[in-house]
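Residue numbering begins at 1 within each chain, and the chains themselves are lettered A, B, C and D in the order written.
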Amino acid sequence: MTRLGENSWGKSSVRLSKIHRGEAADDFTDLTVQVLLSGEVQAAYVDGDNARVLPTDTMRNTVYALAQDHLGHDLEDFGRVLVEHFLSKEGVHEARISMEQRRWERAGDHGFVGGSSERRLASVESSGDGISYRSGIDGLLVLKTTGSAFEGFPKDEYTTLPEAEDRLLSTTIFAQWGYTTLPVDTTETWETIRSLLLNRFFSAASQSVQHQGWLMGRAVLEQVPEIDQIEFRLPNQHHLGFHLERFGLEDAGVVFQPVSEPYGDIRFTVRR
Amino acid sequence: MTRLGENSWGKSSVRLSKIHRGEAADDFTDLTVQVLLSGEVQAAYVDGDNARVLPTDTMRNTVYALAQDHLGHDLEDFGRVLVEHFLSKEGVHEARISMEQRRWERAGDHGFVGGSSERRLASVESSGDGISYRSGIDGLLVLKTTGSAFEGFPKDEYTTLPEAEDRLLSTTIFAQWGYTTLPVDTTETWETIRSLLLNRFFSAASQSVQHQGWLMGRAVLEQVPEIDQIEFRLPNQHHLGFHLERFGLEDAGVVFQPVSEPYGDIRFTVRR
Amino acid sequence: MTRLGENSWGKSSVRLSKIHRGEAADDFTDLTVQVLLSGEVQAAYVDGDNARVLPTDTMRNTVYALAQDHLGHDLEDFGRVLVEHFLSKEGVHEARISMEQRRWERAGDHGFVGGSSERRLASVESSGDGISYRSGIDGLLVLKTTGSAFEGFPKDEYTTLPEAEDRLLSTTIFAQWGYTTLPVDTTETWETIRSLLLNRFFSAASQSVQHQGWLMGRAVLEQVPEIDQIEFRLPNQHHLGFHLERFGLEDAGVVFQPVSEPYGDIRFTVRR
Amino acid sequence: MTRLGENSWGKSSVRLSKIHRGEAADDFTDLTVQVLLSGEVQAAYVDGDNARVLPTDTMRNTVYALAQDHLGHDLEDFGRVLVEHFLSKEGVHEARISMEQRRWERAGDHGFVGGSSERRLASVESSGDGISYRSGIDGLLVLKTTGSAFEGFPKDEYTTLPEAEDRLLSTTIFAQWGYTTLPVDTTETWETIRSLLLNRFFSAASQSVQHQGWLMGRAVLEQVPEIDQIEFRLPNQHHLGFHLERFGLEDAGVVFQPVSEPYGDIRFTVRR
């Protein structure tokens, strides 16, 4: 006897861009949207009955159709409109919209420079009673040439890492938070959080990635009352020394070999 | 007042290969390993005290050092050895090892052809009492030219998709399962599950991706007693018709435009 | 005074798939096509006059439209049809079609398993007088556990590599050749060349990647009379030893760290 | 009878970073370097004799060793030092060093924000008599919401593209130029060229990608006397309209579907 467990269906990688025409200058939004629905669709699995399976093609069309009137700067608003639309469909019990926004820097009234790995994240979810929001940042690559140590760690038979009083530190910031109360201007709040993260990364000395991240998360919770927890992933993107003394050189400690594999994988949540 | 919530630290993207020397022929294993630990490390975050922070560099070294004696064909065994090793460290309360194995096809006694996107997955996790295993398959790209329909779905103002009595279907199979009892030979069990998935995809006609996936999952649960649930992600990788009648041609329905963005995103679990 | 130099325009990354319906079984072709044209289009650059700029959108449509009747197993035939079509346009003096075919392994009458990194390459080019063909293979990942040495190389102040009497060798074969006479069945010729490359990689012992590649290229020229030169790129994809003796272990030389960066970059042509 | 044709060997994807320690603030350089040599190495191919095959591992070591003293802001200087070093080896007749520099924006005295797709390119090449330099830019993603048309193009039986009086235009700029005389400060010259490219993209209205590119290239040749030709690749990265009138909406022309495949592929050189 087999039965259907948790399930969802949706459309991923829906790429959407929009020009916001202004009097003097245009603005521009560039998103990748994901729609995921859950509901009473057991018959689709077990009997091949599609009567309640809203096609993922229709989901895609809906995203573009509703974007014209409803997509502004606050992604959370657009997400809410989509969630409410999909929840109104027969047999749909839960809807989640997740969005990634690419960064475009303004260059004149109608021009933009893109290409950053940084993403603004927003997701909106509801199963009918209330609605919940999670927002975040991803792909924000940072590096500092001093102000980072790693000392006093445990040693065993497989330890080869030397203690480091002052090292180069590089990470790609992923941070995500829920809102207890949705701010009036989620874009302004997002910019505040981004600034706090960068400020604490660059200005606060740390004893480890964990310590650095704690200082970043604590600053956010202290300054932004609408959130009560923030989750981090901070990969330690190693720049290895190259041991130049092997070649009869004095090693000044300024030449490095960056490696993409492997990386230190640090994950944690800071709560109120 | 802020405090530390869930947290883990580890090493990701540890690439490891091993030759298994044989009398006549060699065998070859190629893995990417991830180590993630959790424990009493609040002091590292809050006070910058690293006394219990086993360096991720040491984790990497450990993976290579233990691979020489302990990495065989059953990845779950190697994962268990690593989990037990890391759990023995002071302050470590939980350890998880996740592995992805690349596929290499034998070509003679000492040669192999690789390059497949397919991966065998295995993860092993323990917090001291007992140990749990999750195994799986990812990146298994399949396509069939007939035996797939999508009809009878709901229509609304944003529907443009036509009904399809018989369509091309392509997906990249991700499936993952837990073991209630670990099989004696996990490699053999994995091969059995892989064969069942392929057989049901190619031989069973379906009314939707959901229906296709259900038939695949049900077959696995019926044939493999050691597992009681299997989780799927089956992206619908669309090959769109190109509407050749626009050019004054009769459209034979055999020419397609494959698109990578967007894709239908179907996720579900089949349980006993 | 500025003037226009070499120039071309076209459409790249045109993804195209086709079902070849058969009595009992179907066949399936999956291509990425690139169109590049050159011609008398100076006015488009200098004056903004588009009268001779065939839109790249039209090129894409043309690829799909002509695929229905003209795309069979021999990619070179389809390329020729496209080249001739585009050369007939006013002001077009040169046309080049390049194709990459993905590999799908048959699984039953209507099913296929894909996901290989291997590609069959074909490009066709003409500027009106005659037509030239270049075909090839790319992404063919191979590895052997023995039968490869690297000794007797020059040493200087920056040398740290030890001599290797027998090492693991892995490369991703790229090979490309022109035809002096187009074979009747280019698909069969392509399969013959692929087999010769694999056979010489796996069966012939080598003193270096260069030596290995020479043996592969020589075999192809000896067996395939229609080609008189073959060009190779053979990256040396290193699997580094991990120096287990640092951990008090005897190093059996079977555990490796594969690295993707950097790689040895070996390029050469073998001619008659 | 077979013989060796053109050939080269080297090391690719050598990742290198360097801190330039300053009194108050540090600077930071992040490169990927490629070394390619050619020379009298026929014996390595034909006879397996490695006496003149400088190992690619040694090339990598050399890049790091020479970076400590010789890598400053002008990449062309570092390239020249490497080229001269490798040319001094027995049997090496030609050396080429190619570099890609990642962009890091300063954030305080010791901090940097990265993640841009933009690259500064520099390559240096010599076969003993003189030395030649090619520099460039890649990955510079730009978009404008107005000031771009595409009209008056030829129509045929496969044309579906409508004329566009004013459209969104997006491209990723690749431009590369040789120096007739190496500027005293190649970094300053590079910044000048980058500014000219951006200025002409954003400020000059165009009738096509070709016309836009011509205006960009002409501006560079007019302002920078040290170069006499500049080569471009300007992919047309389409943002397609979504035809909202299908859903009973008035289409305001502001909602788009960006597509990565296929893309218009425009390549040309502007010369003095």
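By our rule, contacts are C-beta pairs under 8 Å (C-beta built on N, C-alpha and C of every residue); 3 or more make two chains touch, one makes a residue touch a chain.
All of these numbers come straight from a predicted model, not from anything done at the bench.
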Count the C-beta contact pairs for C-D and for B-C, then tell me which is higher.
C-D
Looking at C-alpha means, what's the farthest chain from chain A?
C
For the pair chain C and chain D, the C-alpha centroid-to-centroid distance in angstrom is 23
As a quick test, compute the distance in whole Å between the mean CA positions of chain A and chain C.
37
Whole-Å distance, chain B centre to chain C centre, using C-alpha means?
29
Residue list for chain C, restricted to those that touch at least two other chains:
15, 61, 65, 158, 160, 247, 259-261
Within the complex, chain B is touched by chain C residues 15-21, 26, 28, 30, 61, 64-65, 67-68, 71, 104, 107-108, 110-118, 139-147, 168, 172, 198, 201-203, 239, 242, 244, 247, 249, 251-252, 254-259
Parts of chain B lying in touch with chain A, wherever the complex brings them together:
1-15, 34, 36, 41, 44-46, 48-58, 60-62, 65, 89-90, 150-154, 156, 158-161, 206-208, 210-211, 213-214, 217-218, 221-222, 229, 231, 235-236, 260-272
Taking the touch rule as given, give the residues of chain D at its contact with chain B in the complex, in rising order.
157-158, 160, 246-248, 259-261
